[in-house]
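Labels run A, B, C and D following the written order; every chain starts at residue 1.
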Amino acid sequence: MTLTLAILVPLLPFLGALAGLASGRRAPGLVRPLAVLPTLASAVLAVLVLARIGTKGHLDSATRLTPTGGLPISLSVHLDGIAVLLAVLVTVVATCVQLYSTAYLREDPRYPSYAALVSLFTAAMLLVVYSGDLIVLLVGWEVMGVCSYFLVGHHWERPDARSASIKAFLVTKLGDVPFLFGIFVLATDAGTFQIDGILGAAATGRLHHATLAALLLLGGVAGKSAQFPLHTWLPDAMAGPTPVSALIHAATMVAAGVYLVARLEPVFLLSTAALVVLGIMAVITMIGSGLCALAQDDLKRVLAYSTVGQLGYMAGALAVGDRDAALFHLLTHGAFKALLFLSAGVVIHAAHTNSLTAMSRMDGLRRRVPDAYATMGIGLAALAGLPPFSGFFSKDAVLTAAEHAANGDALTGGLGPAGNVPCWLGWTVLIGGLLTALLTAAYATRLWLLAFFPVRRAAAEGVAGSGEAVAATVAPTAAAVAALASDEPAGPVEPAAMVAPLWLLAVPSVALGLVGLWPHALPAWLDGVSLTPSGVTWPIATGVALLGAGLAWLAWRRAAARVLAEAEADAAAAADPAPLLLGPLLGPSRTGFGVDTCYDRAFVRPVLGAARLVSFLDREVVETYVKGAAGTPGLIGRVVRRAQNGNTQGYLSALAAGVVVLAVVVAVAQ
Amino acid sequence: MHLVFPAVLAALLFCVGLYGVLARRNAVLMLMSVELMLNAVNLNLVAFDVWLRDALHSGQALTLFTITVAAAEIGLGLAIVLLIFRNRGTADIDRVGRLTDGDEKADGDEKADSAETVGDDEMEGVG
Amino acid sequence: MNLAAVVPLDSTHGFLSPSGVEIVFVLVGLGVLGAALLTVTTKQLVHAALWLVVALGGLAIEYLLLTAEFIAWVQVLIYVGAVVVLVLFGLMLTRAPIGVSPDADSGNRWLALGVALAAAATLVTLVVDAFRCTWIDLGTVAGSTKANGVTLFRYWVLPFEALSVLLLAALVGAIVLSRREKKEP
Amino acid sequence: MTTTLDALVRCIAVLLVFLVFPLVIGQTEHKVMAHMQGRLGPMYAGGFHGWAQLVADGVKFAQKEDVVPSGADRKIFQLAPAVALLPYLLALVAIPLGPGGLLGQSLDAGLFFVLAVMGVGVLGSLMAGWASANKFSLLGGIRTAAQLMAYELPMLLAAASVAMAAGTVSLTGILGAFHWWWVPWQIVGGFVFFVSGLAELQRPPFDMPVADSEIIFGAYTEYTGLRFALFLLSEYAGILVVSALTAVLFLGGWHGPMAGSLGWLWMLLKTFALAFLVIWIRVTYPRLREDQLMRFAWTVLIPLSLAQLALTGIVKVVIS
């Protein structure tokens, strides 16, 4: 029964996708139900499965796919706490996104294919989550890659969307190549593609190439979960529609990488090298992305870099051996990041721009999108890790794990030897996490201030002597209340289909952190590691976050003051605190520390040069031979053709001459 | 009589006819040259027949046949030439170049084709 | 040209001088050759046909000299009386102009000349070499009408009949070819 | 020596006949037509019965300027009358006048020779028609050629019938084998031969090639003076040859009472009777249209001649 339900969970969106594709043009009325209802049903089923599996239970079922001669590949389901929890997250977020999209893409002529692809995307992710076999998992993994390619390139009329989709596809595929080999290495060692079998092999020490396999797998994980150095596709993928960004960032694509590492955590714990690489990668990613997010002007790019950073947290938790913390953060992050993106979509919808600078000069955004204003505040608070929002608990779980690792007793939850996690790695992750917390709070504050508190309006009212404006600049909440309470005509009211998911997601964003507090709630489904904030880290982390927010606010104040002073001189100036905060790092941060340029120099240009060389070789050298091969017969033909001039007398002349020659030859020969 | 005389005369006549066939542009002139060649052959046949005193007179009989065939040939040949002239407006052999593997002649053909209708009309005016 | 070289050979046969028939033959032959050359070189189309008449008539005389009387008259009847008339007919129907036609010869006349000269040299060499010492006995008439009739209708009947079929075919062919098809309305 | 002298005498005799007889026929035509048509003009010249009319004509032709059109092919234009005239002269050589070698030259293939040579005469008309650079002349020449080609065939076939009956193509041989009953036997062939001969000569009613109402005077339009006279002469010579040939082939030539001594007279009588017939027909019958002319040759004369040939063959087999 549970198995049937579990199989239905990925199957329903898949069938929905097929039906949507089939009926898209013929029955436009069916498209929206076909998009939302299967996903919704799948969410309900996922919750049912969650309830049936319960704590500490797990269900494995496999059916041999086909005799392959070598290692058997089987269609198998592996349901444990991690899988069912993640499935719920995926289906809920996907349902919200589908619901949201019905309104967001109301006018889009390609909505049917879009909805079907989102359903397919969801189905693929669910396949990854539920699969008990690495090859089947890989199928879902790759289907996701393809779907992300199509969805990011949804607006293929725009060149940036086209290049972004190609980039996303290429970069993730680049990671998938070592990933595939990693799977092969694992399967060769364990003698099976079954995850159970592999974990069993890891437990009994039959994995002889754990380091190699883990490092190879990390390639795919870095690609999918946008870790340094393969993170570059994610900010560019913002060219896709905003709901797609929410889906990719919150629940599906990027989560897949973290989920896979979590699934195979015992394998990683066998190898210190892999953990170190993962940890260093995570730290570089989170700090770099924090700096980048602080410098970005595009609202969605800020969120994208924040995703990269939060994924860094998860990777860091995995590196110090605590997959519970990582998954906890994955869940909370899924909730608040989906919320952030969806509300950002509303804001962008209202502002008709992505640019924070433009928004900072725009009056009344708060009043026009009050729901987005409120929910985005919740989401940003969760992102910044302010208590009691969900992000606070999950981030603190990560930091606690790092602190334990720094002290030498990594919280591996009995999955592997704690000794394989070096202390210095724990310190690195801990310090990196704290720094990131500072940066996260700073850019969350900056985003909030820039998007909703226009300086020019405040200045104008300031000149008029209105205290309300000053109060607004000083106390955001009061300003929000004031704005909500003001009797100015509200802007375009967003449709309920767009607003409802926001509030639906706001609930877990606020409250999901609490489930980690009770050992019987969340930890019971996981490995049972305590997720309660430790007394050492949470005050520090909270202080650091507040410090970051305060610094950002101060810098914003100074920038705003300067803008007010130079209002007449520089009309385009914005009250951006980033220059003050970042100083000389601003330029590199804005361009993502030149990673793209670096790739461009290191790979794209050589490849282009090689391509030009090959093209030159092909056109000038190979083709010369080909042309010669064609030209020589042509030349001969042209010469011979002159004889073939249709002149009967010419033919006759040749004939007669030949006869004469033959006669002479015969005569002479005799 | 020395056999060389008629033999050499026939050979030379044949070559003169050959030259005519190869060098003449007008189809009727070509046919005339062909007649010359046939006559050279006839002369040879007669001379050898007379020389050999053939009881069957095969040489002269063959000559008669040749003459008959030549008459038939000239009749048919002229019919063909007239047909070509009627269709193309010319009896020049080297302009009847449909066998040509080339484009430079195609223009000439088209011109000839366009002249075809004119030629037809004129012919009808005469007939 | 080669005739001059051939003539002295006669003396080896025992004749001090060529016989009268031979002299006439050579003279008429020269006339025939000249007329033939004019036929293939003149630029006036109708003149070519008339020179052809001369050449063919000369050949009829040669036949007479070779005692092939019947053939000679057939030559006159068919060639001069019919073939040349047909040729002239054809020339007039294809609108042969009065006067010189500058393009009577095609572009490959030099090639043709080369081929013809080569062929002439080869043939004459071969023929002279082969029949250096061969003489024809012209004592009795070899080609009387009676003799021809006898052989033709006794030994050559079958080819003769086949020839009549050929002629019929040619007749039908010529009629079909020269029929003007009714134009579609 | 005697053979040379003999040949010379024969040649001169033939030439004389050639020069005199056509003129006689011409004079006769004048007179006969004048009488038949009730013309008065030809009755005055020379006093008695207009005897000098032909002389006057000759003088007139000789006096006229010999004009060659500027666009004409001069040589061929001038050569044409000779080509038209000469074949009849040559044909006369082989026609026997009386028994016992009273003829120009006895030829083994006399009939063949005469017909072959007469066929050459058409060249003269063609040359004249083409060389005149005149559209009517060219049309006339082409018509002449077409007509001659068409009528040559029945003529040959009719002659072949006689040759078959006699078993020889020698004219003297034919006359030698003649019997009186050949006349009814070959009467159809004779008709065909004579009519075809008329057509060969372009005499009315077969004078379409020179139809003055359509193409002025056909191939001879541009001719004046003596050259024109030569064409007229060739026409009269043609009448002579055709009449003589018809007489020889179908009417027994010199056969008649006292053939041994008066054979030549019989021959002349028959010839001139036929010539008179030619003139008579000219005056009597209207001109045939071009298509009628062709149809007559192909649909009447040729079948008739073929039938005659078949009849001759059958009778020949029956007799032997």
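Operating definition for what follows: a residue touches a chain if its C-beta (ideal position, glycine included) is under 8 Å from a C-beta of that chain, and two chains touch if they have at least 3 such contacts.
Source: prediction; values computed, not measured.
Ranked by how close its C-alpha mean sits to the mean of all protein C-alpha atoms, the top chain is B.
Between the interfaces B-C and A-B, more contacting C-beta pairs are found at B-C. Centroid to centroid, with C-alpha atoms defining each point, chain B and chain D lie 33 Å apart.
Chain B and chain C, compared by their mean Cα positions, are separated by 12 Å.
Note on chain placement: the centre of chain A and the centre of chain D lie 118 Å apart, centres being C-alpha means. Look at where the CA atoms of chain A average out and do the same for chain B: the two points lie 90 Å apart.
In chain D, there is no position where the chain touches two or more neighbouring chains simultaneously. Contacts with at least two other chains are made by residues 70, 74, 82, 86, 89, 93, 96, 106, 108, 111-112, 115-116, 119 of chain C.
With touch defined as above, residues shared between interfaces to two or more other chains in chain A number as follows: 647, 649, 653, 656. Interchain contacts (touch definition given at top) occur between A-B, A-C, B-C, C-D. By the touch rule above, chain B contacts chain C in their complex via residues 1-9, 11-29, 31-33, 35-36, 39, 42-43, 46-47, 49-51, 53, 55-58, 60-61, 63-65, 67-76, 78-83, 85-86, 91-94, 127. Within the complex, the chain C residues that touch chain B are 2-3, 6, 9-10, 13, 18-19, 21-22, 25-26, 29, 32-33, 36-37, 39-40, 45, 48-49, 52, 55-56, 59, 62-63, 65-68, 70-71, 74-75, 78-79, 82-83, 86-87, 89-91, 93-94, 96, 101, 103-109, 111-113, 115-117, 119-120, 123-124, 127-128, 131-132, 134-138, 142-143, 147-148, 151-152, 155-156, 159-160, 163, 166-167, 170-171, 173-174, 177-178, 180.
On chain B, the positions that touch chain A within their shared complex are 18, 21-24, 30, 93-94, 96-102, 105. Residue ranges of chain C in contact with chain D, taken from their complex: 44, 46-47, 50, 53, 69-70, 73-74, 76-77, 80-82, 84-86, 88-89, 92-93, 96, 98-99, 141, 144-146. Note for the complex: chain A touches chain B at residues 641, 644-649, 652-653, 656.
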